[in-house]
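Just below is one structure, and these are the notes that go with it.
All chains are identified by letter, namely A, B, C, D, E and F, in their written order; residue positions are counted from 1 within each chain.
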Amino acid sequence: MILPTFFMLSFLLTSSSCNALDFCVADLKTPQGLAGYSCKKLELVTVDDFVFSGLHAGNTSNLIKAAVTPAFTAQFPGVNGLGISIAHLDLAVGGVVPMHTHPGSSEIIVVIQGIIDAGFVSSANRVYFKTLKTGDIMVFPQGLLHFQINAGTTPALAYVSFSSPSPGVQILDFALFGNDLPSDIIEETTFLDDAQVKKLKGVLGGTG
Amino acid sequence: MILPTFFMLSFLLTSSSCNALDFCVADLKTPQGLAGYSCKKLELVTVDDFVFSGLHAGNTSNLIKAAVTPAFTAQFPGVNGLGISIAHLDLAVGGVVPMHTHPGSSEIIVVIQGIIDAGFVSSANRVYFKTLKTGDIMVFPQGLLHFQINAGTTPALAYVSFSSPSPGVQILDFALFGNDLPSDIIEETTFLDDAQVKKLKGVLGGTG
Amino acid sequence: MILPTFFMLSFLLTSSSCNALDFCVADLKTPQGLAGYSCKKLELVTVDDFVFSGLHAGNTSNLIKAAVTPAFTAQFPGVNGLGISIAHLDLAVGGVVPMHTHPGSSEIIVVIQGIIDAGFVSSANRVYFKTLKTGDIMVFPQGLLHFQINAGTTPALAYVSFSSPSPGVQILDFALFGNDLPSDIIEETTFLDDAQVKKLKGVLGGTG
Amino acid sequence: MILPTFFMLSFLLTSSSCNALDFCVADLKTPQGLAGYSCKKLELVTVDDFVFSGLHAGNTSNLIKAAVTPAFTAQFPGVNGLGISIAHLDLAVGGVVPMHTHPGSSEIIVVIQGIIDAGFVSSANRVYFKTLKTGDIMVFPQGLLHFQINAGTTPALAYVSFSSPSPGVQILDFALFGNDLPSDIIEETTFLDDAQVKKLKGVLGGTG
Amino acid sequence: MILPTFFMLSFLLTSSSCNALDFCVADLKTPQGLAGYSCKKLELVTVDDFVFSGLHAGNTSNLIKAAVTPAFTAQFPGVNGLGISIAHLDLAVGGVVPMHTHPGSSEIIVVIQGIIDAGFVSSANRVYFKTLKTGDIMVFPQGLLHFQINAGTTPALAYVSFSSPSPGVQILDFALFGNDLPSDIIEETTFLDDAQVKKLKGVLGGTG
Amino acid sequence: MILPTFFMLSFLLTSSSCNALDFCVADLKTPQGLAGYSCKKLELVTVDDFVFSGLHAGNTSNLIKAAVTPAFTAQFPGVNGLGISIAHLDLAVGGVVPMHTHPGSSEIIVVIQGIIDAGFVSSANRVYFKTLKTGDIMVFPQGLLHFQINAGTTPALAYVSFSSPSPGVQILDFALFGNDLPSDIIEETTFLDDAQVKKLKGVLGGTG
């Protein structure tokens, strides 16, 4: 009497779930589509597709004294399509995550260690700015300019969660000064002085 | 004077609709993506992609005296991307659809024949439970535990519609007792007794 | 030792679920928003909000010998926001559901009794037309012109499920001939003859 | 001190943006999926994928004295996935865009030159009809029957924007009279006279 | 025999469409929700809710020699919920729309008169920049920095369409220099010089 | 020359952003709708709506030796509509988060301190189970049964991020044994023994 059960329930499970998408671990070798990557075949998926051990501290020996270590779809294919991802943020003393936006993602920061000044500017041009202590969280709405600064005298650590598995990031200085956007165009559209533009192009590798 | 019309209207139709998605009959041989399958080429699509004759009565000669016959994307590729699917439910006398969830779909049942006890539990932990007569309908919100039981003395038939073309199903007993989830983990996370867990693993084929 | 459990789990449930939307039974007295109605207060919701017994046979003593009895949000507030609804379709001998569209919903018909000719026209101007026998299902993609006709010698019954809790319906003849759209505009935009337009306006109550 | 900056920021950019979808220029050679086409490889994308110069005046030497020149995904792959597209509309004196729907898109018309009578019919069967002067705009909600007519004595020009990159179009007369939908079915489902149906099938190439 | 038809069809229309959302003209006096405003009562809606005549030329007698005249939900409540809106752009000789983003909307520009230099920067830090002639269109993907400049010797006109009925706009200079964001924070997060920041705060009214 | 700029840019900002939704801080006193709460008036919003300091350690002096401290919409109205939220998880030695689902949200756990056994079961009935060390993350797809157990000899801490601002939670034991679901129904739909059901009802307060 038990065999028929197996048959029936297996049928139920097989027929209904074989194309049900509990998840869709990204097959990064497929062409990317609008909604992410195609799914790795289910028989190849293991628990290691859903676990990631690479969120260690980053190297902050750089000009901004900061490092972001991401677990986005490219590093952690298990989040593909699940509407969430996370990154590890290290801010050495004096460290800064420069002004930037995520064009298609909101963000929550949780401060694990240290003190962080964080803020964003709304499209109504208001500033929402606060000093975050260890344990505090702050949310940055999608697409708005925001930043984080180590405001303390010790290294700061934080986790930043995103409402997208692949949150793009547009860093203002790189967008303006780190490519071949002509200087006269930058100056016309930002009102920055020519000397300022050229100075920062020098630092950030911009041409034009 | 008629030829120009043809030209113009054909142009309108061709240019605008050649990549407009009225529908997207699943090409089940393509890799599945987050939003379903790629589309069968339009020139290969026929009315038979939109019609399904396989929703006949299922075989209820099993322990739970129940059968679900689905018309989901895997059986009925025409629903791919259309946000809807349907299944046929047979409940012999004493038949039961055990406690289960659909992780990404709501459901409406319409009772065609017989009497069915149906219910769901909300995440606020309330029970919504009712005896449905022939002709009654009940809606089960997405992701919540629910069940159906033949409450009468004759076989019951019903159609169940889903708000997804590929509604996954997670049957509680199979999730707990029909795989290799270790018994001690089950016991710690469900508070069930060891004897109970092992008894049901015996019935449902679980190991560990 | 049990009290702390209650405290903790109750806290878990209360704090997390008090604004989680398992469901949102429509409060039809609130102003309607883009995403449906506001939610009935949880403490007022009962199982009867999720069960509907009004899907009985409709009265087909009319010109088209057909009746549609809906369980949409207006009749069945429990489906609000759940992406699904259902209706009962009666087609007397000779009965017809005239050419119509649902501007924001796909539809599945399941034939419970009788024989039904059903079809739709794609935006690529192809006809998908089939005679459905009892037990057959057909899917009609969102927004496309479609129809159903009793093709047999006995009354036909069917259930029609929708991918929206409030599927609007635009019946072609009513849209053209049942309002005050000026006859000359109709004629210019449909190429119908003036006599034809005026005849159908007479039948359907159109003016202008 | 600058090299480390480059390393860090490049890392930030590379790791986070390599699978972030700022955009997804359609690779029209890939199979189309539910959410559009797969993306052209980023290294092949140029500004010309985002610029289109083909929205010139169309040829209105046809029966309806109208022409629509689209910039949809098929012509302008850069809009793939961006939720927007546009077309150029020419209406010679006496020109008409016949009654039609877009099954999955709303539309805004802006009149650049001339005078246009435009209208739509809601599913509640009301007519929203107005004479638009140069500079006026009108919005047509998704899925509803609508039309545009040159109401002046000079050619009219307009741009029509859509809330979809691939707005399908279902032209009523073509759907009814320009394919093989059997005449008796048309007559049963539209109440049009047989002579009218056959006359328009003659004009529009319908058979059956 | 006609009365029953009216009854039946009216029933069909009334019961199904009374809460179907063909459209949802914003009632701007209601509190705004996540998905826009509540809907104006249907009996109060007229064609004038869907037509807007205010897209005239703006006044470009200002420092940037540019004006944007919007038809967003606030000005044109008929677009509420329809996923589209439009604006009129005037660029006098030398006029500029400064560097800005739309946090939740893509944009298409169509040049009606004149020559416009337009460009955007991707989150991969590439520049997509082109001189647009009259009749050209360009698409700007959601959330990315972009700009437009009159590149000719005559005034330029354009229409800009958006994939949102309420596309927010974040103008870079205002976000940085037009509010109370402290200068030291700006300098730390943008690497701009103190003199530059203070100069632009002077122009744009910033404090702090 | 500066005043006109102000006028123009202010106009731009005012007219376009006054109903643009950068964010929608929940006004918890409004009726909840399908897409969350109505928005707090912009002039009342401060940075404190976007910062939350209540994610401290919870009290684990309870049977399961665990505590979840949420920052969902009810506690942290700033996340309303932003598609993300977070909670603090404390697991004392021997602590367990029992088997549960989130009907409408995926989850990422990041282990801050200690060792955690975590797992989920797919609807294809496979177990994905792993021991997570400090610094590891794991993702749990929407709607699937999952659990976390302190697997070490010291207290464990973690943050759990969700892809919804209001992730409901359905705890299996409470859904089955903590309400008035009749014991015979539980037994029929779960195959649990009567003694087991009654024992757990005793612990969890269930009746019926």
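Rule of thumb we're sticking to: a residue touches a chain if its C-beta (ideal position, glycine included) is under 8 Å from a C-beta of that chain, and two chains touch if they have at least 3 such contacts.
From a predicted model like this one, the values you see are computed outputs, not experimental measurements.
Think of each touching pair as a link: the shortest run of links from chain A to chain E has 1 of them.
With chains reduced to the mean position of their C-alpha atoms, the one farthest from chain C is A.
Seen from the C-alpha centroid of chain F, the farthest chain centroid is that of D.
For the pair chain C and chain E, the distance between mean C-alpha positions equals 35 Å.
Each chain gets one centre point, the mean of its Cα atoms, and the points for chain D and chain E are 21 Å apart.
Residue positions 13, 16-18, 20, 22, 33-35, 37, 103-104, 119, 122-123, 125, 129, 141-144, 168-169, 171, 174, 178, 203 of chain D each touch two or more of the other chains.
Pairwise, the chains that make contact are A-B, A-D, A-E, A-F, B-C, B-D, B-F, C-D, C-E, C-F, D-E, E-F. The touching residues of chain F, counted against chain A in their complex, run 13, 16-18, 20, 22-23, 42, 46-48, 50-53, 55-56, 71, 76, 78-79, 82-86, 106-108, 110, 112, 119-120, 122-125, 128-130, 132-133, 135-144, 159, 161-163. Taken in their complex, chain B has these residues touching chain F: 96-99, 101-104, 117, 119, 121-123, 125-127, 129, 141-145, 147, 149, 168-176, 178-182, 185, 188-193, 196, 199-200, 203. Chain D contributes residues 26, 28, 31-35, 37, 59-64, 66-68, 70, 72-75, 87, 103-104, 166-169, 171, 174, 178, 203-205 to its touches with chain B in the complex. Here chain F touches chain E in the complex through residues 1-2, 4-9, 11-13, 15-22, 24, 27, 30, 33-39, 41, 80-81, going by the rule given at the top.
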